[in-house]
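Below, chain A partners chain B and then partners chain C, in two separate complexes.
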Partner chain A sequence: MFTRKRSLWLFLLPGLAGLMFFYVLPFIGGIWYSLTDGSYKNSFVGMRNYLNIWNNTMFRLGLKNTMELSAICAPLIWLLAFLTASLLMRIRPQGVFFRSGILLPYLMPSSAMLLIWLVIFDYGGVINRLVVLLGFEKVKWLEGSALRTPIILLFVWKNLGFATVIFLSALQEVPEPLYEYARLEGAGFLKQTFGITLPLIIPSAFLVMILEWINAFKIFKEVYFIGGAYPDESVYTLQNYMNNMFSKLNYQNVTTAAYSFAVIVFALFGILYFTQRRLLKRLG
Partner chain B sequence: MKRLYAFFLVIAIALMPLANAFASAGDVTIDFTDRDVYFSRTATDGSTVYFLSDTVIYAWTAGAADVTGYRILMEELESEDISDNGYVSAIGVYCDNGEVYAIVAVYGYDEEYNSSLGSVYGVRLKLEGETAMPEIATAPLDWEPLTESYDYGSYARYVNSCTAVDGVLYITSYGDIGSEAFAVPLNGKYASKLEDITEPVVMGRYKDGALFFLEYDYNKPEEASFVAYDPASDTVSALGEMEIENYTVPNGLVYSEKDDAFYFCEKGSVVRYDMSSGEKTAVNDIIASNYSIDSAYILDNGFYAACSYNGFYVRNTDPDQRSSKRIMICNSVSSAAVQKAYPVYTNEHGDVSVGISNDYIEDSAVTEAMLNRVSDFDIYVVSANMGAYSACFNRGYTAEMTGNEKIDAMFAEMYPSVAKAFSKDGVILAVPVSSYSDGFGVSAELLEKIGLTMEDIPSNWEDFVKWIPEGASLLEGKDVVLFDQWMTDKDLRWELFTWIFLDYMKYLTYAGQEQGYNTDMLYSLLKSVEDLDLSPLGLREAQEENVLYDESGDEYYASVEPAPAYDDGLGTLFTSYVSQTSEGSYGEYVPMAMSMTKDTPFILQMEMNVAFVNPFSENRDEAIAYLGYIIDNLEASHLSNISPERNEPVRSRYYETEKAYVDEQIADLKKLIEECSEEEKQALEASLADMNSYKEYIEERDWEVSPEGIEWLRAHDDTIVVSTYNPQYSDEEGVIGNLLSQYMDHSIDLRTLLSSIDKKVQMMYLEEN
Partner chain C sequence: MAWKIIRRSKKRHLITRTLLALVLIPVLIPLAVTFLYSFFSPAEIKAFLDSRGSYAGTAFMEVLLFPKTASISQYYTILIKDMSVLRMFANSAFYTVAILAGQAVVIPAMAYALSRFRFRGREAVFFLILMLMLLPFQVTMVPNVLTLRSVGLLNTVWAVIMPMWFVPFYIFLVRQFMIGLPDELFEAGQIDGCGPVRCYMHIAVPVCRPVIGAAVALSFADNWNLVEQPMTYLGQRIDLQPLSVMFNQLVKTPTGIEFAGAALYILPALFIYLYFQEDILSGVQLTELK
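Take a look at the complex of A and B:
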């Protein structure tokens, strides 16, 4: 297949070496940490750390919140990005400004965005004024369980642009004549979407879902910045747990939690991968 | 022959490591703590270092193991300026042409016993036997620029440092407008201020007959400047700048002409600083740190000599001769026992070099060291409340110390609760090096004045809060108030709230953190404070405060109405800062054993500093051995706090000298009373009565470990707990502080406050359980 196999490997070697030394080997080496007792002697204790951690209330709370937040954020972004990309397709080529502008939140530093969010969602801020105008009572957005809302909105606002760009490039590959034919046959927007668009952009759609789910798993700094190391129970994520354990030199709990979560993530993406394959086969 | 050469070669190779086995050759450490060695100034002629006090001059010569003291026979000093109606005082010392001189100020008294500065001389000191014979060696010096006047007289300014160059004394002195440099000719000609030198904090010899000055303006703290002053041409030239952090100028700064480099002490090391490259190299270890060196010199043999109030240190500056075995100690809490152990340990372990840094260490630095498995410090001495220490202890990042005889013996006699706090499964992991506990107390004298006894005061917060209005009614007309007279009603409510809240934290340490804060007990206690009627106390209303700005633009709060003048005649019955251990005698206030309610015990929580060994230390055995020497030097009060075996009272270390002084004064007064006139007798008898009262006071109060302290401690030692890291107590992220502010601002009610705190606390607790 490759006529210049050796030179190909030569070009790939630095990247592969970096991947090996900075990801694969530490990943494998970290498994050892999760099987030791945590003292400087690092005595082997088998699966005891895993048993302890799965019995730990805060680990399970963090895991639950992480899964819930990601289950809300990832599909929400997927849907909004798809709709936004579809809209942008309709107004091209005039929509260049919007296509560029939608990426701006993605490029902004998180800390700057957080400061803006703190002002907007402050008790006397813009959002509460709108809430009052709508006839409701002010909400303490930055405290308690209400903190979930600004966190989710911040995540969506920041990541929508990147997902939209992926969808946009995928939508541009769909042949226009197919839509024309469908319109001639009387197909509306929904039928076109489910009959033409989605089947043809399945790989990109799954890519967006996977990327956004990964990003959603990493929601932490927003929570930490606003709620600290011990925020409200509704936004206490697995990262909070791992961060706190790390600061207490409890590397065992950190690695055990991380590997436990890695197994869940691999399973989840395995499901997504097989779902994608089946869909492609069926359509194929 | 070849075999002989081979044999000697093998021996030489085998012996080579020994060349580095001993701490740097020529290093000397002389400890001054607990000795009557006091000095105010030092000087050197290159081989001998002199330490001057008012009545004694000490000298150390290269090769000596200790300093030798010479009593200055000031009474032999002859000059027409010196009369019986005055006194002389040694205010500086310098060396010139191999001889040592004191700068002596002559003072005279006027009719009202006000002293004024007369002449100032350079006085040669001839050291012979045990005495130093003074002899005036200069004309009266022009001391006018260094004289301060006040309403009733004048005095010579404090001489920070002094060096003689070509017949002129160069002096730095700190006055009203800051630090200044002066040139005082020894031939009596006019002295002058060196105007081109601004804010000199260090002065020393430079090369080619010049002097260097380190200029540092505390209003521009980021940088210090090195300048050189050439006396021959009276010119100043800039040498370079140095970055300064945290207002810490180099301590023990001195210039070496041989190495063309500066030396100073930093973080337990003697550091060579190359001005041209800005490079700093640690060349040796030293016990002193950034702030304790009074003066330093480079001797003729190239050694660095540092003089500090607690010791004299000579260090080899050749890094190649540094010992291969070194232990570094992070004495973050400046424990005296760590310092005192140093000379004994180093004298008995000549092959181990010890460096001590007294700089505070952050939690993150300790955590990073353990993460990276580094051994920059072999021993950490920190507060037991430190988060990083708690993490190290809980996670097994402390070396095991069981097996060391002294450590085992100390733990064998400790209270079980204390021993348990520093060991795991019978293995000793840390050693407590100091302890204290403050708590609520009452004035025994004022209690008696108002006709009450200790039994009349409730000893639990539940009843005490209810008693407050009743207590206030008992004080009418008695010049006594319950609490600080400046407190407003808001202040007092907040103080009561804080005392109860903090005591509840102690209670949880004893009873178990899992109980949490959202309990009926705590709620009812704090609610009673909220609802307490404080009107019987007649406190001031809470004042409105304005936000004002000072000259540097920083904001501060000031009351709209000024507080009334403090009434010295009004006694305060209760205070919250009374020692609750065996340390010292009680003074006016005695501790109260306040429990939460009638049904809960009084908790005696002790704050402790602790020493532990870095498990990654390359010289772990040596470090553990050093801890044994620290134990030998622990304060008697600390040992009494942690061990029920130590029940002998211990006098304060100053007791004997104080008693001797008072006895001498009493004897002198008695003699004067016998010889004096009738008019003077009354005043002298009053002085005698005062001195006798003072003697009684010393006998009663001058304790390091007092009898009543031991009695009180032993009566409450069943509930001793050691204060360890408590995230809610340290409240690093201000979470609890934020909630408390909201409560005080009435944004949230008490139940919401307690449930919110409880949620946070329970999360912290559940994370690891």
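Take a look at the complex of A and C:
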């Protein structure tokens, strides 16, 4: 550790200045916008924008959808990633091919995958062939409330690998003799998972959940690719709302919506973080 | 007894491998098919794409597996005949390189300051970075647009590039790796007469190669897939848009060359991945928030 070195500023200052200029100051400055009326005189209106926006149906629709989509995506990725990582651990040190294959989509531009997605999920596409093969009716995946499925799957497709990698590095830290002992005692996969694995990787498990939830809160690209700027109301996210208000130059609504959302985000992650702390204390 | 255990473990691996294959196949098929379709003739692809959106009860699109005639004319069109897609591709490449270059200066240095120096307010800065990580792009969008406009950068490439130099997540990623490095490493450097700057150049950066490689790869993926930033900061400049923003315009009126466009767009990402994959696997040591 270096203490009282002047060169600290050399390392810290460029980054800190940039963060201030492009993130912190806009964040603080934006609060002012959410409290004024955006007219020529730009007079102070207190909480009126917030009252308006919370009564706005499109805002509430966007918020609801963002919440619902993230509440589906994050736990889904968490679970799939945990299972995949556990499977990968069983065939370690082999399985390099599987490991790299699963991480591959994280690096792929989802914009370039749009076309194949539209083909696969077309009314006459491969997914519907499978659906019919299994004896169900064809589904209109690309319109109405079913639109969520291709969007969620594109999101999961892209983000599964990274979550799996974080789980893998955590699982490798769990001492192998614990499992050997558990196996001698006759514990199966589920018992091992809940008795040994999960309690030992709580920090990583929370981290994956938090990172994926952050990502899922930001879900917009996938919606924009598949549904456009004004998608069906089942997938109209808060980001759609903010972007549309932005293109209408209604900056007050954008910032007010943004801060309402930021407060919710901070509150949620605060709760997650403290749950983790308490859980760790109780176990350790 | 021994052979029984061996057989059991083999059998278990068979099931494990089958399950993993069930995850992997749907993950890889869309990529494989994109490359496959890029070698079909544009006419065949156009006919195929035009058969989309039919609501006839039992009609399906064909399952194309083999081209009538394998052809590279999709690639020929994009690379030689009509360069409009290529120009957007070049825009993407420019943004990606410019962002990575700036990040190379800012991010490891910031991570170094936050992990190897002790100073007042260090925890506060780290906490700030964590908080900024949580915020979606739109929260700081409006004030950013207004600032960028007042300094004359709005609707220029710098509006997209400069904010990306400071993406909090990569600072977090690299810092988490650096803080796990043993103190002895740096003490040894100091005994040999290295100050913080030389410790950074000769110890921290080389030792952090995996996480820096991982950060480069992950950041590449982000920059190659930019959507929100160019849409808001370059609103009136279609000529500056990267290909990632324009894909869904291209798809609306297909001319049969879109799969080659997608394949070409995937290719650099694929190379980056193959080059950096070991770094990602060993560099991403995010085990907890501390």
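Quick note on the criterion: the second predicted complex is superposed on the first by the 272 of 284 C-alpha atoms of A that agree within 3 Å, B and C clash if a C-alpha of one lies under 4 Å from a C-alpha of the other, contacts with A are read in each partner's own complex, and residues count from 1 in each chain.
Keep this in mind: a residue touches a chain if its C-beta (ideal position, glycine included) is under 8 Å from a C-beta of that chain, and two chains touch if they have at least 3 such contacts.
None of the values given here were measured: they were computed from a predicted structure.
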Contacts of A:G228 with chain B and chain C, given as first, second, both or neither: both
First (chain B), second (chain C), both or neither touched by A:N244: first
First, second, both or neither for A:I166, with chain B first and chain C second: second
First (chain B), second (chain C), both or neither touched by A:Y236: first
First, second, both or neither for A:K41, with chain B first and chain C second: first
Chain B versus chain C as contact partner of A:L12, first or second or both or neither: second
Comparison of chain B and chain C by chain A residues contacted: C
Which of chain B and chain C A:M58 touches, first, second, both or neither: first
First (chain B), second (chain C), both or neither touched by A:F22: second
Residues on chain A lying within both footprints (that of chain B and that of chain C): 228, 247
Residue numbers on chain C that touch chain A, as the complex places them: 12-13, 16-17, 19-21, 23-24, 26-28, 30-31, 33-34, 37, 48-49, 51-57, 59-61, 63, 105-107, 109-110, 112-114, 116-119, 125, 128-129, 131-147, 162-163, 165-166, 168, 171, 183, 186, 195-197, 200, 217-218, 220-221, 224-225, 227-228, 231-232, 235, 243-245, 247-248, 251, 258-259, 261-263, 265-266, 269-270, 272-273, 277, 280-281, 284-289
In the complex, chain B residues that touch chain A: 367, 370-371, 373, 387, 390-392, 394-397, 615-616, 733, 735, 759-760, 763-764, 766-768
Chain C-touching residues of chain A, taken from the complex the two chains share: 1-5, 7-8, 10-12, 14-16, 18-19, 21-27, 29-30, 33, 80, 84, 87-88, 90-91, 95, 98-120, 122-126, 128-129, 138, 140, 157, 160-162, 165-166, 168-170, 173, 203-204, 206-207, 210-211, 214, 217-218, 220-221, 224-225, 228, 238-239, 242-243, 246-247, 251, 254-255, 257-259, 261-262, 265-266, 269, 273
Interface residues, chain A side, partner chain B - complex: 37-41, 56-58, 228-230, 232-233, 236, 241, 244-245, 247-250
